[in-house]
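Okay, structure first, notes after.
Chain lettering (A, B, C and D) follows the sequence in which the chains are written, and residue indices restart at 1 in each chain.
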Amino acid sequence: MAGNTLGKVFQITTFGESHGVSIGGVIDGTPAGLELDPKGIQSDLDRRRPGISDITTSRKEDDKVVILSGVLPAEGGLFVSTGTPIGFQLANKDAKSADYSHLENTYRPSHADYTYDAKYGIRDIRGGGRSSARETACRVVGGAIARQLLKSTDSVEISAYVERVQDISVPFPPAFFSREIVDSTIIRCPSSEVASKMIQRIETVRDEGDTVGGSIVVVAKNVPAGWGEPVFDKLHADLAKALMSIPAVKALEIGAGFSGTLMKGSEHNDEFVSGKNDGTVIETSSNRSGGIQGGISNGEEIVIRIGFKPVATIKKTQNTVNRDGEEIKMSGKGRHDPCVLPRAIPIVEAMVALVLADHSLRQRTSRL
Amino acid sequence: MAGNTLGKVFQITTFGESHGVSIGGVIDGTPAGLELDPKGIQSDLDRRRPGISDITTSRKEDDKVVILSGVLPAEGGLFVSTGTPIGFQLANKDAKSADYSHLENTYRPSHADYTYDAKYGIRDIRGGGRSSARETACRVVGGAIARQLLKSTDSVEISAYVERVQDISVPFPPAFFSREIVDSTIIRCPSSEVASKMIQRIETVRDEGDTVGGSIVVVAKNVPAGWGEPVFDKLHADLAKALMSIPAVKALEIGAGFSGTLMKGSEHNDEFVSGKNDGTVIETSSNRSGGIQGGISNGEEIVIRIGFKPVATIKKTQNTVNRDGEEIKMSGKGRHDPCVLPRAIPIVEAMVALVLADHSLRQRTSRL
Amino acid sequence: MAGNTLGKVFQITTFGESHGVSIGGVIDGTPAGLELDPKGIQSDLDRRRPGISDITTSRKEDDKVVILSGVLPAEGGLFVSTGTPIGFQLANKDAKSADYSHLENTYRPSHADYTYDAKYGIRDIRGGGRSSARETACRVVGGAIARQLLKSTDSVEISAYVERVQDISVPFPPAFFSREIVDSTIIRCPSSEVASKMIQRIETVRDEGDTVGGSIVVVAKNVPAGWGEPVFDKLHADLAKALMSIPAVKALEIGAGFSGTLMKGSEHNDEFVSGKNDGTVIETSSNRSGGIQGGISNGEEIVIRIGFKPVATIKKTQNTVNRDGEEIKMSGKGRHDPCVLPRAIPIVEAMVALVLADHSLRQRTSRL
Amino acid sequence: MAGNTLGKVFQITTFGESHGVSIGGVIDGTPAGLELDPKGIQSDLDRRRPGISDITTSRKEDDKVVILSGVLPAEGGLFVSTGTPIGFQLANKDAKSADYSHLENTYRPSHADYTYDAKYGIRDIRGGGRSSARETACRVVGGAIARQLLKSTDSVEISAYVERVQDISVPFPPAFFSREIVDSTIIRCPSSEVASKMIQRIETVRDEGDTVGGSIVVVAKNVPAGWGEPVFDKLHADLAKALMSIPAVKALEIGAGFSGTLMKGSEHNDEFVSGKNDGTVIETSSNRSGGIQGGISNGEEIVIRIGFKPVATIKKTQNTVNRDGEEIKMSGKGRHDPCVLPRAIPIVEAMVALVLADHSLRQRTSRL
């Protein structure tokens, strides 16, 4: 109930602060017999790792995941799941607690300092404690296992990219791009031309001691029709919750989203057409629904846009108050990302994978 | 797990189809000793009721809620909660099953017909079955009880209004308006001038056999700092899920939302200032965070904008396919809303109340 | 979290007090496409109904269940489940509130009066409120649906009987008896000779203004090997919880139970033998494990013995205290069972059915 | 849903097999501000550790727990909880996988070998995999934290002892004994005279290559009236589930249990008397209810007796079948306990502590 578990059948529970001994978690509900490639898990993690490009924080964490349980060794360096919980751990290596001593008595604007204090009456100031984005590494581990499950059972593929940095945006509508294309620029935008402008903007803003936000598009393809539960656990409702739980996310739209609210019903509706396999598979001729109708997947691509606010930690001087309510001035120290978007890509994909894996298993009980 | 329950401590479970015997539900987790005003519950319900204005469906349901359990009679026609589950029921009166026979073999575009069939292999075609918006009446009952709990313990108030119909929008930023002001126009927009234009648009579109969407703003005030759980059950993540589970919602933003993603960190951050009670209460000088930081309320107003797609049922002829995958033409029959927004107002408020009530109780266990 | 829901996939939520408008509940998670016989549900309920024999309370409730949702009519008076929640309701007819006015200020010994007051600070004295055994009627409805699911998917059959009243016991070890045999005596003991002695004892004790308890045996057959989850949700742990939640149950044993704790390992272990289908089905030559090993069913009969304390409401005068802590004398009024065992039979079967149905669906996600 | 989590507010999730990298878990829901003594946690663990006496297995594990998160260092070597999840880990040191190769194709009688295979189609034969009693070390860590919480908030104390080994039993009824008295004999029986006979019996049986079971009594004192939820999550139902989930437990009784089923109501009922604090605290003059009435604690001692079957692994030759269904003979190898009871003492106490801690927090939301 303390909110560190996500999912009902395929469940992830995470623990850990930025500067404790380690972070880690437990994946419960992986069906037995799934071949797992540990290199694939590490590869997803490496995409999130800090210090991998000029436009991300220089904090160093090698982020090597250790799988502690729930698998047996299989051929070719693979694991096979046994159906029991998969425990995992990532050591905290670059935990320079000294960096944070100046925060002990200070509430950083738009951080979680004040709200944690209001809730718990105590807070771990080292690196933001539990509110640190470091916690998201555990989501990526869970997402990697979810992704391998989805790939294995239904050939589902999930891919996200940076669509917009501040007001610099790609000129095309949401679409699926391979990881190869997405990762071909350090900002993870599939248009190399737009990517250059984005990177330039980030560098400029970073040099001002400031930060930027933007939007990410995520697309899941090959999701079969029939996933999701009516009423409260609608597929897009669970996706919205999972994505909104990523630090810095403040907005979200499915399919045509806000722009669809400007249309008339006759313009927005997705007409059904007789599709693949000589018409036995039903498709829609447009996808303004974003792959979900009545809370249940319809077999089309699931398309979501997510808005990230600019990173709250800036080097510029800001007004704030301390724990005694006295007004003070402060400026950010330490190593922080000027733009969280490229490192958020694997986190977004992970959250989508976690929700889809959960609903893929929940779907198994919907019919006699 | 079938998704008909929301909440972890303050929980609502609903049942019922548009054309069954009745719809209803169970509210579990109401603390004992809460004075409940049944007139307040009915009054919330009456705001959602069909047939109350020219721009809503003419379907007639008197929507009288019967409380079956969990309360004792108290003075002045009030109830007092006993701590046991509150069962409730609303009879289905105006269930004209005959209206829907033409749908037996048809998948209506952008409805849940096809996806329910893909999931269950069977569907209740009468009035949309479980996917009918009629289900939301039960949410309003639960929300009304949640609202009375929140009012009683923390003076929390929640109010929503129609901000935009298609491209016709109010000229002011999100703000709290009393129910009296909101309900002073049938479209539930606090600007009577803008309301007139909205109503005119809806009538025009309705006469074309078409429908429109738009956006709703909801504001919760007096939410104390400290509600919400870090990581997965962030307060805005749970709110996003609850609001996204309302039929026709496709987009959502907290605080500055998408427009905040265009700002720099220095522009977006909300500076803390020493506030009420001689500085002992800490406030922010702006509220781009929308009242939630790090997933936990900070004591400012919670501000959310929700985007509703246009209603899928239109009278215009559309292309679609039948259950055999054959392409056919169809046009909507029956009595449907040309614009769902005014009737969605009490549902939006109910979902916010349900989530806040849940987190208000969860908050009780966060400290020794 | 308030404890009115049982199960994780196949879930029952109940509501209602003895003297409110009605009792009822919601069954969520029934797979779509299940044929349900409403007569079978009513028939299970009728076995629990008060006033059906000389040795049960004369309170009158016709206990007619009304199914409110979640089903469609099918041929032959049957229903078919749609996969959506099944709401149901039983009206409270014989609610003589006046009978209970003397209890307003009194804590009846070994009742829930004092503990409810300690918990909630308020209590519904009419008929015991939520602590009334009337609540168990809802369990029987849920159990009846669970039973029909289990029968349909796996031919599982569940049967309970009264093994012992006080010290009058059947001379044979636990075994499966058909409902016909069980119901051939009003005490529901399969030995008519022992049944006569039991009935005589109950009549004698009733005439003294006193009550008796005893034990019930329940056996489930045709449960496939592989149901149950390791560690916390072991099949027998979930069964123990469900059965212990029945009013008046104070003891429980699986398989050889307490008597097995007197054996050595070599005497207690169940040896595997090559069994049915030319040895492809593995069996055990004894069943001291009671059909569950390591928390998972092994394909043998599941055998549980449950101990019921004597009914707390007696007509004899007892010492107690009132709400002000003053010592007083009281004696029971109203219509109560001198022995709860025969009416507990369908409740015991229902609880076993609910747990098995839940695990039958949970089992579907254990393998790739 | 895979059953590796227990509790609703105070939650433990465990992972790990006997022979993997490590075992461990996550405690979620500990209120912030709790002083935790790591020595107390280790001390509880050390009571469960193998190899600590002549009558337990000689397997060596130093079972040093490492707390990974969720706490801050406090004065005097103590920790203070931050309200975030407490991750912990115990390395597997003495994992001699070679010992188990003979089991690859064999189903040991009354073990979980066959049932895991039936469920998952794959099993980790090394040391019993997830079904190993080693998993219970994680329960003891969680129980130790729960115990410190209960002690801190309500002065609750929990103590268990061995009451009976096979037919050798203490002559006194269930009662609370201090840990000092319980641990004064290696069998953990508070009567040194009876303890000697028990130890002698265990040695005799061990030398025969056989094993024994028996019973444990656990008593919790200072539990306030008002903990537990009506209907399904009755306090004793949750305790029964938690205790039944301990390996080898097959029977359980609360208060007078089975012996109480022989009494009449007038003999069994616990009369209320005006008690402590000049009569303002209400007590009962007897405690046949075992401290729980209507599923809710009444302030008296909670008293439970638990029956453990003899350990399934014996050195004597037994008949069984292999995975191909062929009948074979086998005899146990490796280092196993001839009697699990003394090492089960801290596990029993831990499970009671986990359930009580959960309900102590759940209780906080029952009143306005």
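To be clear about the criterion, a residue touches a chain if its C-beta (ideal position, glycine included) is under 8 Å from a C-beta of that chain, and two chains touch if they have at least 3 such contacts.
Predicted model, so just to flag it, every value in this text is computed and none were measured.
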{"item": "Chain separated most widely from chain C, comparing mean CA positions", "value": "A"}
{"item": "Of B-C and A-C, whichever chain pair has more C-beta contact pairs", "value": "B-C"}
{"item": "Fraction-based call for chain D against chain A, same above half, different below", "value": "same"}
{"item": "Centroid distance [mean C-alpha coordinates] between chain B and chain A, Å", "value": "26"}
{"item": "Whole-Å gap separating chain B and chain C, where each centre is the average of the chain's CA atoms", "value": "39"}
{"item": "CA centroid of chain A to CA centroid of chain C, Å", "value": "46"}
{"item": "Chain B, residues touching no fewer than two other chains", "value": "1-2, 4-5, 8-9, 14, 29, 32-33, 83-84, 119-121, 130, 230, 365-367"}
{"item": "In the complex, chain D residues that touch chain A", "value": "1-2, 4-5, 8-9, 11, 13-17, 20-26, 28-29, 32-33, 66-70, 72, 80, 82-87, 89, 119-124, 129-130"}
{"item": "Residue ranges of chain D touching chain C (in the complex, touch as defined)", "value": "1-6, 8-9, 14, 107, 109-112, 114-116, 118-121, 130-131, 135, 164, 166-167, 205, 208, 210-215, 224-234, 236-238, 240-242, 244-245, 247, 250-258, 260-274, 279-282, 284-285, 288-290, 292-299, 307-314, 316, 318-321, 325-327, 362-363, 365-367"}
{"item": "Residues of chain A defined as touching chain C within the complex", "value": "1, 8-9, 29, 31-34, 83-84, 152-153, 230, 361, 364-368"}
